[in-house]
Structure formats: C-alpha cells, structure tokens
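Multiple structures are listed underneath, in structure tokens.
Here chain A shows up in two complexes: once beside chain B, once beside chain C.
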Partner chain A sequence: MPVINDMIPEFDLFQPADVDGALELLAKHDDAWVLAGGLDTFDWFKDRAKRPDVVVDLGAIDQLRGIREQGDGYEIGALTPLSDIENHEAIKAKFPMLAQAAQAVATPQVRNQGTLGGNIVQDTRCWYYRGGWPCYRAGGNICYADTPTSMNREHCIFGASRCVAVSPSDSAPALVALDAMMVVRSRSGEREVPAADFFIGPSTDITRMTVLNGRELLVAIRIPSTFAGAHQYFEKVRDRNAWDFPLVNVAAAFKRNGATIEDARVAVGAVAPYPMRLEAVEAQLRGKNADEATGKSAGELAIKGAKPLRHNGYKLPLMRNLVMRAVRDAQSAQA
Partner chain B sequence: MDEPTTSVSRRNFIKGVIAGGATASASGYLFRQNGVLAQRSAPGSVERLVTLNVNGQNRPVDIAHEETLAMTLRYKLGLTGTKLGCDRAECGACTVLVDGRTHYACSILTHMVRGREIKTVEGLEGPNGELHPVQQAVMDEAGFQCAFCAPGFIMSMVALVEDKPGFTRDEAAHALSGHICRCGDYNKILNSAMRAGEIARST
Partner chain C sequence: MAIFGKDYTPPDLHAKITGRAKYAEDFRADGMLFAKVLASPMPHARVRNIDASEALAMEGVEAILTADDLPDLGPLSERALTMEPLYEGEPILAVAATSELLAAEAIEKIKIDYEPLPFALDPLESLKPSGSNARVDGNTIVNERTEEGRRTVVKELRWSQDVFDEAGDHLPMGEHQDEWSYGDLEAGFAEADYVIEETLAHQSVTHHPMEPRTCMATVQNGKVILHASTQSVARTHGPAAAWSGIDGKDLVVIGEYCGGGFGSKIVGTVNMPIAALLAKKTNRPVMHRITRYEETYIGRARPGFQTWIKVGFRKDGSITALDMYIIQDNGPYGRQGDLSMGPTTASLAYQPQAMRFRGVSVLTNTPPRSAQRAPGGAQIIAMIEPMMDRAAAELGLDRLEIRRTNAPQGKAKVGPQRAEISSAFVHEMIDQAKEKLNWDELKTRSGQRNGSKVTGIGLGFSPFIGGVSGFDGLLVIKDDGKVHVHTGVGNLGTHSFSDTARVAADVLGLEWEDINVIWGNTGKHLPWTTVQAGSMTTHATTRAIHAAASDAKAKLQELAAAELGGSASSYDVSGGRVHPRGNRRGGMSLASAAQKAVARGGKFSGEELPENIHRMTTASATALAGQGLLGVAKDEYDNGGPLWSFVLGCAEIEIDVETGVLEMTNYTAITDCGTVMNPRSLAAQLHGGGIQGFGLARYQKWIYDPSWGIPFAHRFYTARPPTILDVPREMAWGAVGEPDPYTPVGAKGIGEPPIGAGQAALVSAIQDALGGKVIRKMPVMVENILNALEDRPQDTETLTAHS
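After this line comes the complex of A and B, so read on.
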C-alpha cells in the first residue's frame, strides 16, 4: 500500500467525560472505534484499511490515568502513557521488567503518547493484514502470509490457526509473567481477567487479539505483589534499537531460595498470536539450581513443538537462547 | 448535508478563523472534504471551533475531527517550521512539545491537545529574538546538513535540556532516538546536544 500523505477520512469524534459515557457511545454505535494514544489507530485510518464513522477518544477520562498502590500491589490506569511507567520509581524497583518492557517500545515520542492499555490491546502488525488485504483476520478466506511466496520473517512459530500473525506487544509478556489482572468494564459491570487469558489466538476468534468484544473497555491493569522485588528479566531483540517491534522478546520472574528456583514465570512475545506463557518450562525450573545446564534445557524445552514458516526459522534459536539467557541471568545475579 | 446552526458569536469566530487562515488557501486540496462548516457534526461530538494555545498565543481555529496537529500547525496556522516527513510516527521530523513532552504532530489529533500548551520550533526564541540555548548550540556546531530533520531534533533537545540538565552523550542519544536524519549527521547532532547542555548550564 502506498503511503498516503493527506487527511484521514472523516469521522465523528466524541470525548466522553467518564467511562459510563464511553460505554454508552460504544453500545450506541456499532462500528465505534476506541481511541487512546492513537499510535496503533492512525495507520489504520490513514491507509483506509479501517474507516469507522465514530471515534470515541478516552483522553478526557482522567480516572483512567495514573499509577496507584493498591492493596499489596499496584494498579495502573489503562490510559497511563508508557513513559510514565518507564520512569516510575516504585515500578522500577518492584517490577523492573515492566519498566524495561515499556522502555523497549518504539521511541520516546511514541512512549510519551502511547498508553499501556493501547499497547496491550493493539492489533497485530502483519503487513498483509495492515495493508488492507482481505485475509482471514479481516473477514476473508486466505492467509497471504502463509503461501509459498509470502514474506513471513516476523510471523509466528507457535499457535497458528489459518492466521500466522503474532502479538507485537512488548508489555504483554511482562504482564503475563507478573500474573497481572486486566480490569474490564462493560455496561453490565466490571470483571477481572488474568493476563494469560486476556489474549486469544485465531483458533478462538480469528478477528480479535483479546477477549474485548468492542463494547467493553480495558480500564486498568492490576499487578499483584507475587513477584514484587523478585529477580526479573526482560530482553527484546529487534532489527534497529529504536522503533522496531520485537522479533522475539522474553520476560521472566524468579523466586529463589539461595541458588534454588522456587517458582518462576516465563513468557515470550512475538512468537505466537498471543504472549506465550511457558508453563512446561516453569514446571521444569521449579526446584532446580539456576545454572548454565538448567538454562540450556529450559531453552530446548521452550521451542519444543515450534512450527517455523519459510522465512522465520531463525526465531527458534533466538527464542531458545533468550529463555536460556533469562535463566542464566538469575544465576549471575545471585552472588 | 446538515445546515449548521450559527449564532452571531460563532459567526464572528468563524470570520476570525477564515481571516487568520490565509496560509490555508494553498493547501485547500488537503481539506477538500473537511472545509469550514462543510462537515457533518453528530450531536454530542466535539466542537470544531476551538482556541489552541500555541507558542504562548491563543489561536482560534476550525479543526476537523480527523485533523492531525501537524496539519493544523502547517496549513491552518502557517507554522511550517514543523515538518512532515513520513506522516507515520516513523521519522521524527514533526516533533513538537505538548505540555513540555515530545510528541509526533503527524500522529496526534489536534482535538487531543485542546487546552494544552503546544510549542513548536517557532516558539523557541526569546521576546527580543534571543536564541534558545539549543538554537545557539546548533549554530555553533553547524549541527545539520540539509536540516530538514532539524526542527524535530531541536524540539527533542529542548525537552532534554529542560528535563535533565546534566545529561550524558548516551542519554542524549537515547532522548534523540525517535528521529531519523537522512543526511546521517548524527555525530554533529549529538555534539550540538552536548553544547546545548553546556550553554544551558552556564546561563
């Protein structure tokens, strides 16, 4: 698709003052689009690949912004910009991998405007889909990224089901590894969804990346104290060190007793249509020493069952090594 | 198309907007679907006629719902110092400050920054034409080659100098990582940033 340098096509913009007002608009207008920072949104509009008549900007709803201590954990409003998370002293001290994940997103300007909620709910970056091709995800009946001539270097090695696009978010694996809860509001009330269940793959619904049904809002993210202050690791590999989405990223948290790993969470992004929690690896790590051998076997186990496409075989060693490095880091940080 | 209901004060406001919009005529093609009063407006949706705070001045302006800040600044307010490179949040040429923080003006709706303080490269010089430390530093170091990227880089340097006066070269590189310079002048740009820090600290 050519880059179009002119106006975005017309829409009606609403800026409700509270969550109820926003939910009402979403109920009233079938194709209403939720707008937070807009950094996922505007490309869709500029390319004419999505053309909603109604846009509901959450920007005036102040209660959706901010980082608050809550119980023995933290609650982050969905509209909080990523740069506030990256620079927040308590988040840096207790949940460093979330601060690092936020800092790994794009560029300072994108982080000043992009919200945590938008980063979580953002759509996939498969360029066939984003270019407006009528693929399965767009309601069509073909996957353009999985043909013998497709360019699919960035696509998935796990979880494909007709669609091979990946979850592109940097914050998502960190939130899965921290056992975060997503607070979802609809007109019938509020519910909490564990991060690991919030993201869905194409076998569940090929047109959505999350459980949100279009009439619901993500209002906050709650992070329990489970891994507060515990050893954490985040690493992202990308082509350029600014702007680029992850080729693979890893987020891990460890509870240790001396050299022994008592409990662990390991999640990997950009390898599947959802941030992928590696429960088998976590189970294998429990009770083991955080050492080189443990790291190696964790890496091997992590990529078991992967199904690379034509151009993304490199993601297997990349994912294996990132998981290994996460475990090895738990060892080096012990001394 | 709905006939807009205009009150006297609204009509005067519109006149002001049109009179102030001489620069818009050359860019009329951009706004062909979105002209003053030509757009439908659903009940309860945002008011198009607003006053923006740009470089310390209040500027009345008519803004389409879908209009980006870069479009408003360049084609409605005549502030063409803000450049449009990619229009996709991928180059940094359009960087401006909103309440002191850097944003890509190509990728934010003008209606998202109503009521906030917008600063562009035109707003940097002092009341008597004194250069901002960053402008002085860029001159001293001959920081840019073609300088198409300069207004954007300069705005990020301004934010850096103000937020973190004692910054290191690495921190400057990090703060400027949301910009691309097609002339590849990064070393001289970083020299300028360091010099700007020195000037700011010594004044």
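After this line comes the complex of A and C, so read on.
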C-alpha cells in the first residue's frame, strides 16, 4: 500500500500523433499506461497505487474524436468528450438514453474532460482496490470487500467471482442496450466486439474489466440503427445529483407495435463487475404489453439469483424497481 | 445607523474574485523548500525506530523533522508529529526537499519499525467487556474537578455484558461519567400525557473547508514569518508559538484570507510547526501544502453521537421532561465540548420543565475532533426535531405551534444552572416564518402524492451561542483624515472582519470609504480579540470597535474643546469634522485633529493607555502611539447573560417511493440574530449553513473497515459534501431584526445555528414524506429511505459507527 498519497510519481510521457504511433508504443513498452481524459488515471497515479514508467497520452490523436454518421448508424470516436455526446442533436434524437447516460456522469467539468472511451474502459471504484490494498484484482490472494466485516455498500449482487467490485460506468449499460460494437485496434488490425462481450467479469480475468489487452486500443464505438428512434429509458440512482458513481443504473430500449413490446434490450450497471444485460427479462418482455404489471414481473425476474453482500441488500429493490420503471415508462410514452 | 446593517462591497472582494487574494499556498520565495509528511498506515501503533538514512542521502533532501523537535505540551496535547500515532494518517515525520516530488520520494525511502497496538473505532465496541482502548492508558476522557481545579484525564471504562444484552435494540447505558439535571424528572414524566423515546445515531463528519491547512514559513532576521490558514489571527499567534516552541516575539502570523474553517482552524492548525520549524532548521522558506486527501485525516471532524432520548409532553404539547444519554465519539485527543453543548442547546430549545443528561466521551482511533459549526447543537437538534413532529402528530397539534409552545422567549433559561439568556425573539421568528412560508397552505402538501413521488415538509428549530464580550478595540485617526481600524479577527469568508468595523463609521459619523480595515497580520499591531469561532466575532467585535470608536469620539470632543474653547459636550463628530453642535462646517477636520492629537500626546496619541486593556492591545497601541488620535478601549458594555441566536428552517422535499431518491424543492430559514449586520452576508450564512446541514442529513460520513481501522472517504467524491445541484432551486430567508437589548449595536453572531436548522428540517421532512417512519441513523442515505419504504431491515446497524 502507498505510504504517501496525492503526489504523482514521475513517468515518461509519449504523445503520439496517430493511432499507429500509439500502438507502436504499446507494443514496445510492456507496462505502458494509456491516458485519455485522465479521470480514472490520475486518481491511480496520485495514490501511487499504479506507477507505470511509460504513459501514452492519446490526447493529440484527432482521429479518435468526433461523432460521425456511418452507414445506418453512428460511429463515436473513443476520445470524444462526454459533453459532446450529451449535447449532440442526432444522438439526443435517435439514441436519447446514450445522451442521458453521458449527462449522468459526474459533473459538467468532468464530462468536458472525460471521454466516452475512458468512461467505458474505466477501472472499478472498489475502495479497497483503489486504495492499493493487495487484493485478488491487484494480484493478491484475498478480497477485502467480501469478508464478514467488509464495507461493501457499493459492491455487486451478481457476478462475483473472488472479486465483488462493480462496473461503475454510466455509458456502458446504455451501449450494451443499444447493441453497440466496440472497435478495437491492434497492430495486427481492427476487430469489432459487441458491447455485451467487451466487458468481462472476474471469472474470465480478474485483473481487467474489458477484453482489451495491453497492446490494444478502443478506438471507436459504433451504434447500429437497430434501436434508432425507438423508445429508450435511462435512469441512474446515486447519492448526490453530481459527482457520484451509480448505486444502480438501468438502460433499456424497446421496439413496440402499438402497446406490444416486440423486442427489448435491458441492461443494468453497478450490480455486477460488468454492465449486466438481462436477456431473460428481454425474452419475457417480448409480446407483452408495456405496463406496470409487466414491469413488475420484469423487475422480479431481473433480481432472481442476486446474492447481496452484508451492506448492499438495498440494491435488490432498487434494481427491481428501476427495471420496472423502464418497462412502465414504455407504456406512458405511448400515450 | 447609516452604515451598519446595509449591503456593501467588503474590502477583500476584488482580490477574491480576481484571484489576487493570496492564501497560504499562494506564497512563494526564493530558495523555497517543500515539506511532505509520512503518515501512519495503521490506526494505533508505537514507532520503535525511524531509519531515514537513505532519504537524507538523496540530493536535494534538506531536513527531517520528528516529534523530538517539538515541545512536549503534555500527554493529552496533540502535536504536529508523533511517535505514537493514534489514528490512520497521523503524521510521524516531515521531510523538506527542493521539490515536492522529491520530498515524496524521500518519504517512500524511510523505513519505520511499527509496533501495532490495539485500536478502537466505535465507542460502543470500546465499552464492551472485550473492547480495546484507543489510548494505552484508557478509552474515555473525563473532566474532573479536584482541589487544584479542573483537569482532564483518561480513564478506562468497561460495561458488563449484561448492559449490552439487556439493551436489545436500544442504546446500552452503563456507568456514565457526565451528568447534570434540574427539576423533578420523574414527576415530569408522570405528568406527561405522551412519552416518546428513541435510540438514535449521528455520524462523525470531517469539516472539509475548501482551503486545506497549508502553511508556508520564511525566516527573516531571526523571526519566523508564518503564512497560515487560520480562522483567527490575533488568537493564532499564541498557539502557533506554543506548538512550535518559538518565542512569541520571534513569530509573525499572517492570514489575510482563509478558505473556510467551520471550526477546524479556530486558533490555527496543529500542523503549523512543520513549516515553521523546518524553515528555522534549514534557514530557508518552506511550503507545507496539505492535499485534499491529507486534509481528511489531519483536518478536524465533528464527534459522532450514539444517543438515547426520552421526551414527555402534556396534551397541549408543552414538554414536561427531557432525558438523554449520549455516547460521544471523542476521537483520540482533547475532550470535545459537543457532549455538553448538545444537551445545553436542547435545554434552551425545548425549555423542558425537568431535564437530565448523562453521558460518556469515548476515545477512538479516528481523526481528531474539534468544534464544527454548532458543535453538539446540530447533532442533538437533528435528533430531537423529528421527535417533536411525531409528538405533534400524536397529540393532534400543529408542528409550528408545538414549537412555539416550548420556545425560549425573552429571558429564557439555559443549562443546568438555569442561567437567563440575553434575549430571544423566537415568537416573532415563528410568526414571521408562518407568514413567509404560507404555513397553513404549505402543511397541507405534506404526504401528497404525485406519481411515484411523495412530498415531505420538515421544520428545524436551532439555537446556538451567538457571542461573547470583553475584548479590546483599537483604531487610529491619522492625518489623512481616515480611520484605520485594527482588528485581530480572521477573514474566513464571512465578511465579519470588515462588517464589524462599519460600526466605527456610524459612531464617528463617517462614510465607509473613510474607514480602512487593517487585519490579517500580527505584525500590524492588532488588539486582543475574540477567537473567530463559535459565532462570537459579530457580537464581541462590534462591541469592542464601538468602544474604541466611542473612545476616539470622546477624545475628539475633548481635543476640540481644548483647542477651540467651550465644553467637550458642545462638540459633535460627523462629516469628517469635529464641530460645534449645529454647525457642521465649524470646528476642525479629523485630519487636523489627528495632527493636534499627536502634538498634544498623552492619551490622545496613545502615549497613555487605559489600564484595563489586554497586554496584546497595550503592545499594539504602544507601537501605534504618535501616529494620530488613538481610539482604544475595552468592551465594558452591559451584558445580558449568555447570548444565543436562533434559526427556524423549513424544508420541502419530494421522495420517489420506488427508488428512495430525494429532491429538495424549497428551503426557507428565518432567524433571530439581533440587529442585521450585513443582509447579503446573513443570507449566505443562513443558506450556506443550511446546505452544510443538508450534507450532514443526507450523505456525508466516514466509512471505516472495522477489521483494519482504515477509512475510505478521503476524497470529495467519497466524502460527499453537497454539490450545487443538490441545493433546492427555491431558497428564501428572513430576519426578525430586533436588537439584543444589552449590546450597543444589538447584533448577535449567526454562523452556528443555520446548520442544525437545515439538517433537522431535512431529516424531519424525510420522516414526514415516509409517513412518520423513523430512520434512526444519520446520514439518511438513499438506501435507508428505500429500505424503510420497502419495510426491509437497514443494511447497517443503527449503533455501528462509521458504517
């Protein structure tokens, strides 16, 4: 654990001008740290819990910024500030829940600096782990957050596997619910990974939260037209109205025919180590009327199998009710 | 009064909004070193050995400071550095180096051999038979009266397991160490038509001033010049000298601006010696910047309370008896006054016919405590006010009326001594609130549903101390015709350092532009002044400056009579002249009066000084002697007993019953603070204090891992002070404005009570929205509301501290 905080150690800073340059640096330096908006990074550095020798700052790579129409959907550069997404007219019109999710992040200042890519790939906020405790995720052999006396109000109710930390992202559930594709580049080329597969739990790899390995970059997010203009819902519950991570958030999209739900996507954040897509709920919703009763049974199904820890039992009714509200809202919006 | 009581532009405003104002961290000097501290990684330990050889061998590492370099001020006195850290984060040593980064690298290279010691985080756990002591010599801290006088001692106190077993859900109440009472408690409860009792908990809370306790020190000609972040200035000099072991005559304290303190920097900060002594040691300027992370452990905190309260009411709502037991989370050092101020505040707020208080102050290995805005008062008010609402509901009474029934009014009595307070205009305050709130309409909104949202209305009646007296005023009328008011108070953002000087303009019949306020530097000849804390400044300093200005006026009249003939009383002072009454153009200008005062000498120019002023004032006045006509006097005006101010807050909220999410829609605060000194600043106090109270009510707390004794809420985003987006859009205020009859200006302090009003109003509003469901623990987080709505057990136990 660090003996001194709030003092960033020295490192070699590289500021490549293009993606290829960045990838070359990542290939060359094993422990290179990728820096975007810095909001996840600098906490780690200030606490001296992560101290890479090499930092690759993507800030100079203009090709990573911007929101573009692409085919029948949109492509958003990974370095696009969250505030650009929140204020983008076409995104607001076609994918309102993504704009709302971006707007729910932290504070206006953070959203001007923070990027969509950074919000997606950010590390978990488990305070034991962030505090530099030598836990499983940090390479140790204990989870400090899951003992009989641990403080784990913010931790997971699903998907625990040695680690009980959650994905803290607001944009991630929205992207999962929109069937977004993550564009990943490495020196060997580009691949597209569905958002639902991009995020991984500790049972897959306890040391990282996405499929990205150290030599890959998330360069863009592609949002297909699948749910463009369809009814969408995003809600985040947090302690304060600004500068707080979600206690639980929900993102949902619905294709409807009259009152009937033809197809739905429902994803919930901050309940599992990854944004959790609720496929069973989606299946149950197909062919049902969007109303409070349907919402209620969707909420009940959503929390089936949840395993609360000592201090986070409230996440069950909260998740249940947020899923219910998402479904019920699809009804009210029809009127 | 022509000047006092009106909005104006304080003399520090341009510097603040343009960024020219320099706080401690903004100072730089050639060759300046940076200091960093090594903080204890464990909650309680003994340092067996320090090996700093590798660090000291680094190029650019100039000095190390340890507890051995500091004066020993007794076992209970906290020092800047320690060999027995009593909480995680307590500084053990400091290093000065040519850069801050280098200082940090050096700290990492220091090897410390710790002997871990048992620790206690939770007062109740410490009182159990198997509990640990926070200090090696005991787990409680007691004020004892002995033949030699009062002393504070550490004692070991354990309660039997039976006490805990029998308590069930209620507060275990074993042997107490503090007690007072008045009236016949038993008879009071026997007489009651309705009795309510509750076990409740209030968290410990860090102060979180925006400016951390940074210090910068330089050494000039053998004197240490200390730029500090401090609430007071005149009263910081002595403690800074004592904590550092520097002779007072060799120390100058400069603190012209302070980014808030809330009671955490009353006489400066205990870390001041680090910069001062490293500067002395190296003979170079030293900057000791405190980061936000560090501020959350070496900053101060409000003590938490674990409490049992029982109240008896007659049918008409009047309180027959009030009984309370408080376990105070004292932190590791000096005994905290919250434990006695809480019940004292309750005794005034509710005027019970009989009352008893019992309590114990338990030492814990958590950050040091100090007074925080309405210490004790805010905690106890926020606990009792929701009980008042439940009693009103039970007895079918209006919530505003039940408060009027019990309100202190006029010469109300306070505390076990039943002392008569100076004044209270609480009935007038409640009348104003009733009208301003449109109460009869507002209260009908309680419990109204709008979709998934339910409305709650809450009241918070909060008294707190509003002044002291007996300090000195000092001013000089110079030959530029201006009045230079020297004031020893600090400038912690409330404007009171200059508001109080406006009295001089009124007494001397001048415009505000004719007044120059000199503050913030003990090298500038400051008078003996109250500490800038406990809302004492307004009352104490308006009186002291009034006394000095009146002294100057009398001297001007006497001088005019001597120079121009006639009697002193035939002269008046106004418009920049001392002139014959009825002839404002006659007589002489203040500029020439100043010259004549210097020529005459004696008392006029400060060569002769009053006997009754403090030695600090005497020294300052002596230094100013001969510069003009001196007004210097001790405040010996009448005193009407303990001085208290009052705020009634009203919060309107909406709670979403499906998520537990709370939105505040409206907050109004009405005050009795005597004469209003500065309306705009008063509004800022009422609303700012209210907002701080919202944070206490809703989300600010510590989280400790109980097995390791390590806290997590080190940053703003985890400690959660309120943000502007959590503040209701609609906020209003009002003031009764009746002067306190015993003070020439009539103004009372108003820094303290707004916080309890905001906190209590919000907690009461939550209870109201929940249809009277009781949440027994503060802060009331989203999950507490949701669990209550869902009839689920809470996820943390009421009586578990820091959870």
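The rule is short, and it goes like this: the second predicted complex is superposed on the first by the 328 of 335 C-alpha atoms of A that agree within 3 Å, B and C clash if a C-alpha of one lies under 4 Å from a C-alpha of the other, contacts with A are read in each partner's own complex, and residues count from 1 in each chain.
The definition used in the following text is that contacts are C-beta pairs under 8 Å (C-beta built on N, C-alpha and C of every residue); 3 or more make two chains touch, one makes a residue touch a chain.
In this text, all values refer to a predicted model and were calculated from it rather than measured experimentally.
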item	value
First, second, both or neither for A:Leu13, with chain B first and chain C second	first
First, second, both or neither for A:Arg153, with chain B first and chain C second	second
First (chain B), second (chain C), both or neither touched by A:His311	second
Chain B versus chain C as contact partner of A:Phe45, first or second or both or neither	first
Touching partner for A:Trp243 - first (chain B), second (chain C), both, neither	both
Partner chain(s) touched by A:Leu322 [first = chain B, second = chain C, both, neither]	second
If touched residues of chain A are counted for chain B and for chain C, the larger one	C
Which superposed partner A:Gly59 touches (first chain B, second chain C, both, neither)	first
Partner chain in contact with A:Thr107 - chain B first, chain C second, else both or neither	both
Set of chain A residues, in rising order, touched by both chain B and chain C	3, 5-10, 43, 46, 107, 241-243
Chain B residues touching chain A - in the complex, by the definition given at the top	29-31, 33-34, 39-42, 44-46, 64-68, 71, 84, 86-90, 92, 95, 101-104, 107-109, 111-112, 156, 174-175, 177-178
Residues of chain A defined as touching chain C within the complex	1, 3-10, 43, 46-48, 107, 127-128, 131, 144, 147, 149-151, 153, 235, 237-245, 247, 310-314, 317-318, 321-322, 324-325
Of all residues in chain A, those that touch chain B in their complex	3, 5-15, 35, 38-39, 42-43, 45-46, 54-55, 57, 59, 83, 106-110, 112-113, 241-243
Footprint of chain A on chain C - complex, ascending	36, 38-39, 41, 100-101, 104-105, 107-108, 291-294, 452, 658-661, 698-699, 703-708, 710, 712, 714-718, 720, 722-726, 781-783, 786-787, 790, 792-793, 795-796, 803
